[in-house]
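Mind looking over this structure? Questions follow.
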Amino acid sequence: MGQYHQLLINVGEVVRHCKPGNFVAISVGGENSSLILRRAFAISRVSDRGEYGGTMELIVAPHGSGSRWLCAQEVGNSLDIIAPLGTPFGIPTAPVQALLVGGGYGSAPLFGLAEVLKSRGCRVDMILGASTVAKIYAPIEGKRSVNSLKIFTEDGSTGQMGKVTDLIPGLIADGQVDVIYSCGPMGMLSAISRITQGTDVVHQCAVEEAMACGVGICMTCVLPVRKEDGTISMLRSCIDGPVMDGALVAWELVGKNGMTP
Amino acid sequence: MGQYHQLLINVGEVVRHCKPGNFVAISVGGENSSLILRRAFAISRVSDRGEYGGTMELIVAPHGSGSRWLCAQEVGNSLDIIAPLGTPFGIPTAPVQALLVGGGYGSAPLFGLAEVLKSRGCRVDMILGASTVAKIYAPIEGKRSVNSLKIFTEDGSTGQMGKVTDLIPGLIADGQVDVIYSCGPMGMLSAISRITQGTDVVHQCAVEEAMACGVGICMTCVLPVRKEDGTISMLRSCIDGPVMDGALVAWELVGKNGMTP
Amino acid sequence: MRESTFDFSTTLGSAWFPAPVFTASGCASSGRELSQFFPLDSIGAVVTKSVMLKERLGRPTPRMAETPSGMLNSIGLQGPGIDAFLAKDVPWLVENNARVIVSIAGETVDEYGVLARRLRSVPGISAVEVNISCPNVDNRGLVFACDPESAKAVVDSVRRTLAGDLPIIVKLSPDVTNIAAIAKIVVDAGADALALINTLLGMVINTETMFPHLGGKTGGLSGPAIRPVAVRAIYQVHEALPTVPILGMGGVRTGRDAFEMILAGASGVSVGTASFGNPSAVIQVQNELETLLMSKGFNSVREAIGFAHRPAPGPSST
Amino acid sequence: MRESTFDFSTTLGSAWFPAPVFTASGCASSGRELSQFFPLDSIGAVVTKSVMLKERLGRPTPRMAETPSGMLNSIGLQGPGIDAFLAKDVPWLVENNARVIVSIAGETVDEYGVLARRLRSVPGISAVEVNISCPNVDNRGLVFACDPESAKAVVDSVRRTLAGDLPIIVKLSPDVTNIAAIAKIVVDAGADALALINTLLGMVINTETMFPHLGGKTGGLSGPAIRPVAVRAIYQVHEALPTVPILGMGGVRTGRDAFEMILAGASGVSVGTASFGNPSAVIQVQNELETLLMSKGFNSVREAIGFAHRPAPGPSST
């Protein structure tokens, strides 16, 4: 798994409601924890064929206190978890040519998505990237659900040296892409949006803003999104996202002062 | 164990420095704990014959967040512990008639003390008390180290109905007591001090004030103690105690406003 | 569980509530989202996010930073503006039988008056919470709650407009030298009740970027970390103004915490940040509080309000 | 670990310290107890518990209450009085090669002057910390740090007495509406440096007894819970008075926390409450801070002081 931990969680019936792009929110640190906020994790895959009913897979990068605590949990421990949350990826009603682009652990939800798209008759190409090989998440069995898989690392430690975005303009120009599904760092998502701008390609991106509540009540997780009349709304990425239309996100305004509606 | 949990902790060489009346300070709640202060526990017994070298026994009442966390730890978990701390019971150089009085988990350190006193040729009588049977701590093997053991409960659920202090005046009058060693609630300790007042009986009591640091740097754990000239000092029960001379503690001033030196 | 003899209701000025636990402004959005977790009519009231005259996008992200047992937020009063709010949010809450306390925030004294006027004739509102203490608005120099004169002016303006139609709850900031003095000033100006406390001004520096972490640089500190400050503020203000009802808040996470605030002098308790970690926190706190009050032998919330101020028992021994 | 090119020293006014991490007043007693855990001469300095003119027994117990990620204390300045302190504690520290900052607290303006006079000719003292912000002394009405006039009077009095012999560090309370304004006043009155922050006034009510838990009713809140308030205060004061050295404190537990305060504008950092949970905290924080500063490429503490105030980078894209 490189730098990532794979968590299998028994959630029972809940798996039936989980769609690719949904996420979960987990309490961390135990009963007397000083970490008062939940941590959000994309649902990587679900299965309802587990020994005890439905199970859910998360891919966790041990980063700070919360994720490290989670990765240190032992088999059999119980977790306080709210699932599923958020707006999932939109699934086309007719077969399309889908390009799935993932950065770092952002590829986690893409394999479940790939399975669904394949079952709808879509062609599914995948490009994954990270700074280095240890940060690539690409499970062997995942490759079965895609038509092609290309890997990029910035240091060239595996796959091609470069960025996931290097190939995309060419693929679009060749008419090989109808929809891009992306998940990864904000810089990657905005770069893809720039590439798709002016093309017919739809860009569904799963964003990652810091979330205090995950259920829509705190307004910390907002992104500037353009309305039809060109004015800006701040939409909550926890309920109006995490999957958003990349063409509507006002990437140049993220984290900028002095916005007006 | 009634309401108490018995904790066996592997501490290695440290046991050699542990004397009856010493205590330990343990971090609770784990790495991201919101409980920032250590919890103090009297050392009940030590043994250097354990499988892995020295072990220490604590008797813990699951009361609030910290003690409950401690009681929920599983075998093999490691603890962050400072030991030994505090001034232990004074051991007489010549054989004396010792009366050991314990309230609730306060009896924990008395059994180790009894063994030491016996080995010095002392006669050791013990009186234990609590509100009810579940709050009596009196391990079977402990009885071997005392000449007599009497138990009192306020509700009469085991032993005699009444308080530990009921018998003491009679024993003193009969000349059966040279030194009283006590450990338990402050009310019990001050009652014993009132009984010994005006007699020749020495009263060594192990007090329990809320402690923030346990090592003498915070001044939260103080008790008013009379100096030779009759004026009051506020002594730290963590380093000048927990064992103090009951005759010198100004019990009537504990928790009172407007004290002057 | 609730016995017929136990009175769980409370009042803030002329407003009556069947139970004393509320949401906190800005921690329940407009109520709808929490209704997935418990029925809104089962709690005391929904206090809505402070609404301003115009639509507002608020501060840039990051808008939050977790801190030990707390968090900072710098939302900057993002919201739809009073018109959209009254058209959409209030009717929905009323339909769902929620008691509604509308929190208002203005950039000028006049704006508070204008906002109050809009509320006068709206059906289904129980009270107005006047947020004069938000430390996130752009002109930090003008935090109304930190300046006695402006605090008074705002309350005057709202009071004149509402003229007794709705009880006025004025929400104070703990970031002042003497909160009891400010409390007295706003009560003299016509506040019917006080809400204590808003967030404390704080900052986290991101040690990676070595810049302030929040888009707004400073943010408001909330959560269990600030509870001792909130309890102190409630206790001090209740001591100074024992007849003025207080809506207490700041770090409440359990029934015990709510009980602590009532003992200190609160007539009701708002649950804010705790809902982020546990979306059922409000109803859980309310249930635990009810059990606790009954187990302590109180026959009503009223009996427990300010109970910690009773004279201490005399010395037991001489 | 320390490379010859890295300068870990710092200054507060004219006082020089080989390292920038200190104990916090009242959290190290007089130093002796901590010396079992690390050599006192290895840290920046020992700041002693605020000493008063006369011996003082302090507040009744309970004197502490744990709170989420923090604690309340109401010690009430228990101490031996200046004479016993100078006879016993200072010589011991000097013998053990510790740098010493003596913290003083008075009940009146004159008392501060008298205390300062006693310190003038004592060998081995690096600086005086003037604690004008203790919220525990009996006359709460007269917390010097909360009243600009009295704060100024105290500093005037100490300044006149010391006349430049020892740097004066004035310790401020966060319980004020505008800490930068108070800072400016005490600096104008002659403070060479500022210590930020003292504890926040708080209260816990014991829900068993239903009375305030502490013997002194209110207490001072310290520990990680208050760190965001401390960082904000340091940032604000450094912004207003960039040339005035600041000794930062409030919830520091790791090297990262100390680094955060230095980025905000502190020249040195005191570790208080963290020592209660971990008696080696001061030296651990110091070691972690050194590693962190070097790993970030700083060549000295000096370079990092106030680094978070540098202009933000321009927009990367157009």
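For clarity, chains are labelled A, B, C and D in written order, and residue numbers in each chain start from 1.
The definition used in the following text is that a contact is a pair of C-beta atoms (placed from the backbone, for glycine too) under 8 Å apart; a residue touches a chain by one contact, two chains touch by 3 or more.
Because the structure is a prediction, the values reported are computed rather than measured.
J.: Comparing A-D against B-D, which pair counts more contacting C-beta pairs?
T.: B-D
J.: Please tell me the distance, in whole Å, between the geometric centres of chain A and chain C computed from their C-alpha atoms.
T.: 36
J.: Could you work out how far the Cα centre of chain A sits from that of chain D, in whole Å?
T.: It comes to 46 Å between the two C-alpha centres.
J.: Suppose each chain is reduced to the average of its Cα coordinates; what separation in Å results between chain A and chain B?
T.: Centres of chain A and chain B (C-alpha means) sit 57 Å apart.
J.: Mind pulling the residue numbers of chain A that touch at least two other chains?
T.: 34-35, 256
J.: What are the residue numbers in chain D that touch two or more other chains?
T.: 68-70, 223-224
J.: What pattern do the touching chains form: line, ring, star, complete or other?
T.: Complete.
J.: Mind pulling up the chain D residues that touch chain B in the complex?
T.: Chain D reaches chain B through residues 26-29, 33-34, 36-37, 49, 54-64, 66, 68-71, 73, 75, 78, 215, 223-224, 273-279.
J.: For the complex, which residues does chain C have touching chain B?
T.: Residues 68-69, 224, 315, 317.
J.: For the complex, which residues does chain D have touching chain C?
T.: 65, 67-70, 72, 146, 175-178, 200-205, 207, 210-212, 218-219, 221, 223-229, 231-232, 235, 251, 256, 259-260, 263-264, 292, 296, 307-308, 312
J.: Which bits of chain B are touching chain D when the two form their complex?
T.: Residue list for chain B touching chain D: 27, 34-38, 82, 209-210, 212-213, 215-224, 232-234, 239, 254-257, 259-261.
J.: State the interface residues of chain A toward chain D in the complex, per the touch definition above.
T.: By the definition above, chain A touches chain D via 34, 252, 256.
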